[in-house]
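Note that the chains take the letters A, B and C in the order they are written out, and that residue 1 is the start of every chain.
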Amino acid sequence: MSRLAHTVAVRATGVDMFFGTPENRVVALKQAGFEARRGELIMLVGPSGCGKTTLLSVIAGTLTPQAGAVEVFGQRLDGLGQEALTAFRRRNLGFVFQSFNLIPTLTVAENVMVPLLIQGRPFDEAHARALAILDQVGLKGREEGRPNALSGGQQQRVAIARALVHEPPLLICDEPTSALDKDTGAQIMQMVRDLSRSPERCVVVVTHDHRIFRFADRIAEMEDGRISRVVDDPKLLDTTHL
Amino acid sequence: MYRLALNMLFGDRAKLAMLLCGLAFSALLMAQQSSVFFGIMSWTYTPMVNIRAQVWVSDPMVEQVNDAKPLRDTDLGRVRSVDGVAWAAPLHTSFVQARMQDGNFKLITLVGIDADTFAGAPAVLSQGRIEDLRLPDTVIVDEWGAALMGRMGVGPDGKPRNTPLQVGDTFEINDIQARIVGICRVKRAFTGGPFVYTTYDRAKGYTLGARRTLSFMLVEPQKGVAPAELCDRIERDTGLKAWTSDTVIWSWGERSLARNTFWWFWTNTGIPFSFGTAVLLGLFVGIAISGQTFYSFVLENLRYFAAIKAMGAGMGVIARMLIVQAFTAGLIGFGLGAGMAQAIGRVMIEKGMPPFVMYPQILWATFALVLGISLVSAVIGIIKVSRVDAASVFRG
Amino acid sequence: MFKKRLLLFALALAGAGAALQLTRGTATETPVQPPPYEPAIRDKDGLIAAAGLVEAVAENTLLGSPTSGTVAKVHVKVWDKVKAGDPVLTLDDRDLRAQHAVQKAAVDAAAATAERAADVARRWTGIKDSGAVSAADLLSYQMAAKEAQAKLALAKAQLDQTAVLLDRLVLRSPIDATVLQVGVRAGEFVAAGAKAPVVLGDITRLQIRCDVDEQLATRMREGLPAKGYLKGESSLAGAKDRSIALKFVRIEPFVIPKTSLTGASIERVDTRVLQVIYQFDRPTGRALFVGQQMDVYIDASQDAPGK
């Protein structure tokens, strides 16, 4: 497709998003604009309630904004139906959640296989690829165990393996380190950087953990429902309020 | 994905056990209660099963087989004069008191059959020969009756023991001796006591007071004449009531005496109501337990289903996953429940008490209801998951 | 874990299978088996069924005694065949025999008296002309001879009468018949006109009295052919044809109450029957007795032949 032609991976312009009734309206995004490129790891930072999770949801195609245009790899997401959005997510997105969201009744390998199986890949192929990527995240030998038997860092590594197993062009990480201690968080971010580094892939990380800002290529700061500024160096940010 | 769905289901052993228990228990309750119900109801038309003939003829006012209204002896000639009749034999049935040798009284079902042909004789004799019924003062009793009317004594271990009646033992019916020359194996009846067979003429003697002794006539149609058609002819020519003798409940014809007996008991007794409530309770308990368990299973997995949804699984896939889970649980629950029901049933059949008749239809209905419960649970789960916003996964 | 799951599936499958297997017996109806002994099968339409009782042709002769007396000798046993005139019973005849002997002596005495009177009369008649006797005396001698002759005749007649009376004490069969019942022994007393001591009947040809329900009576006509099946002949079950051909005799003109009732005091007659008489030849090689019951099928499907 024309994906290669764009260096821009994600572009959102003039996005309005509000919740609640018209009388009691909570504005989450107000004319927000955002841009991410292929091959970079961009972080969305900002205080609680600034709208970064909402913006992430809009980019991920799980929320449809009331106004504005969202374009991911050249495809407009606003105006797509639920089914098309679902198909889009299935093809293009990998997720790492704050609370891991690993299914406790499945084995580690089975959890990793989920995105492939959703795509309709055969079970055996999915299993083989899951084992391969679990090896990469350093969990060889734990494949048939349950996620609950693993430490928080190991669980998040499983989540990363799951997010990348189907090699999505867009990786979305929602507070990946907030449930982890400092050292483990750094290891996880290092792993995200190492594994996802690809000229085609764009990684969007929402976080307010300033200890991991150093892993970002660029940092977009949000304030009151819009991007206030984008910087290349985390040292330029005022992190006191984070 | 369905394999994962199954793994999700089987992963939580405690929840699975609870779910299967609920489903199996409701399946057990439905199958077992219905079987006992149909077992008891099948006792109501026992004479139709024990005394086999193609067509039964009775007084026009007769409603069911346990309620014989006597006919005149010459009615036999009238029935025999109907075209299409191959033969007709007299039959006497009545409930009389029999006096045991120890002075105890027992209610029995006295059956008098034609001594010439023994039409209506029990099919299986475990002891004795039917021909011995031609000897004076002789009867054939059924196995249950032999035990029921047996003598209480003390066994070698000092405990009370019941000695069943044997061939050669005697008792009295209306002060007339009855000597047992055979033991037969027949089905038990709902009303009256054990079956005691004798000849038609001797039955007249045993029921001194009765003015007429012809209760029913057993009729065989000529080759090529359908029983129902013969019934029409008999009713038209004689004004008596004629019945077919089919006893398989789902193939009952309009003229089936067994069917009319069944419905007579259905409308005139409280049995269907009491058993119907038990079956319904089983159904409700099953729906409540398994629906509740499955719902909590869905609730617990809701965030994971939301994550799967966010990862790009459509509602169709998720719905099918839930259906696979619910139906798998339903199938296993049904199998376990049916297994338990049949195990109980086999013990009951072995003991003969209470009666247990598990029709295939009962099994299929139970199957359908259990799957129905599963389907309802799955639908509730699907609705719950479909209401969940995929975006909710991002909120811690 | 996978094995455990398989076990669960297998358990469920086994349970369902066992339940299904248990249901299989319920689908079958107890088959209607033919009776242990095959009944008489009606093989055509238009039949009238009736219950029949076997009796001897011309009904039975209840042999009675003309006089009361003690039985001296019984000449027959049951089943004996007797010809017309054969003695059956002899009553005690000793008193008549004694009288017979006295009367015989009286005849002899009267004969002697008559002979003497005749001789006197003849002799006096021969010498009539000699005048040795008066005409009046001669007449008297002749009259005495006649009187003695008459007395002889009287004595003879009395002897004959006693002989007839003696003969009457021997009961003889009026017909060719079989002795069906003997109710007395020698030495027993029989009263004139009392219950018949001996029953005779012609059982070479038997007849059957059929009770036809009054509701079927309208279909009955004279001359209809019929078949009979003897009760208690189930040993012949399976034989190709065990029916006995019956020949129409007559219809009793009177519809009567059915007789075989239990006799209870509360009994009311509610069934009336038309009686029809049929005749048949005693079948060879088969036991058949007067008084036996028979299931009779009268063929009313066609018009009676010859009527």
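By definition in this document, a residue touches a chain if its C-beta (ideal position, glycine included) is under 8 Å from a C-beta of that chain, and two chains touch if they have at least 3 such contacts.
Just so you know, these numbers come straight off a predicted model, no measurement behind them.
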Apart from chain B, which chains still form joined groups through touching: A | C
| item | value |
| --- | --- |
| Winner on C-beta contact pairs when B-C is weighed against A-B | B-C |
| CA centroid of chain A to CA centroid of chain C, Å | 121 |
| Whole-Å gap separating chain B and chain C, where each centre is the average of the chain's CA atoms | 58 |
| Euclidean distance of C-alpha centroids - chain A vs chain B, Å | 64 |
| For chain B, residues contacting two or more additional chains | 10 |
| Residue list for chain A, restricted to those that touch at least two other chains | none |
| Residue ranges of chain A in contact with chain B within the complex | 53, 56-57, 60, 62-63, 83, 86-91, 93, 95, 97-99, 101, 103-107, 110, 113-115, 117-119, 123, 146, 174-175, 178, 206 |
| Chain A partner contacts - residues on chain B that touch it in the complex | 1, 3-4, 7-12, 301, 303-304, 307-314, 317, 389-391, 393-396 |
| Chain B partner contacts - residues on chain C that touch it in the complex | 1, 5, 8-9, 11-16, 18-24, 26-33, 35-43, 45-51, 211-213, 215-216, 219, 231-234, 237, 258, 260, 262, 264, 266-267, 270-271, 273, 295, 297 |
| Chain B - residues contacting chain C, complex | 10, 20, 31, 49, 52-54, 72-81, 83-87, 89, 114-121, 123, 130-131, 204, 209, 211, 220, 222, 238, 245-248, 251, 331-343, 345-346, 357-360, 362-363 |
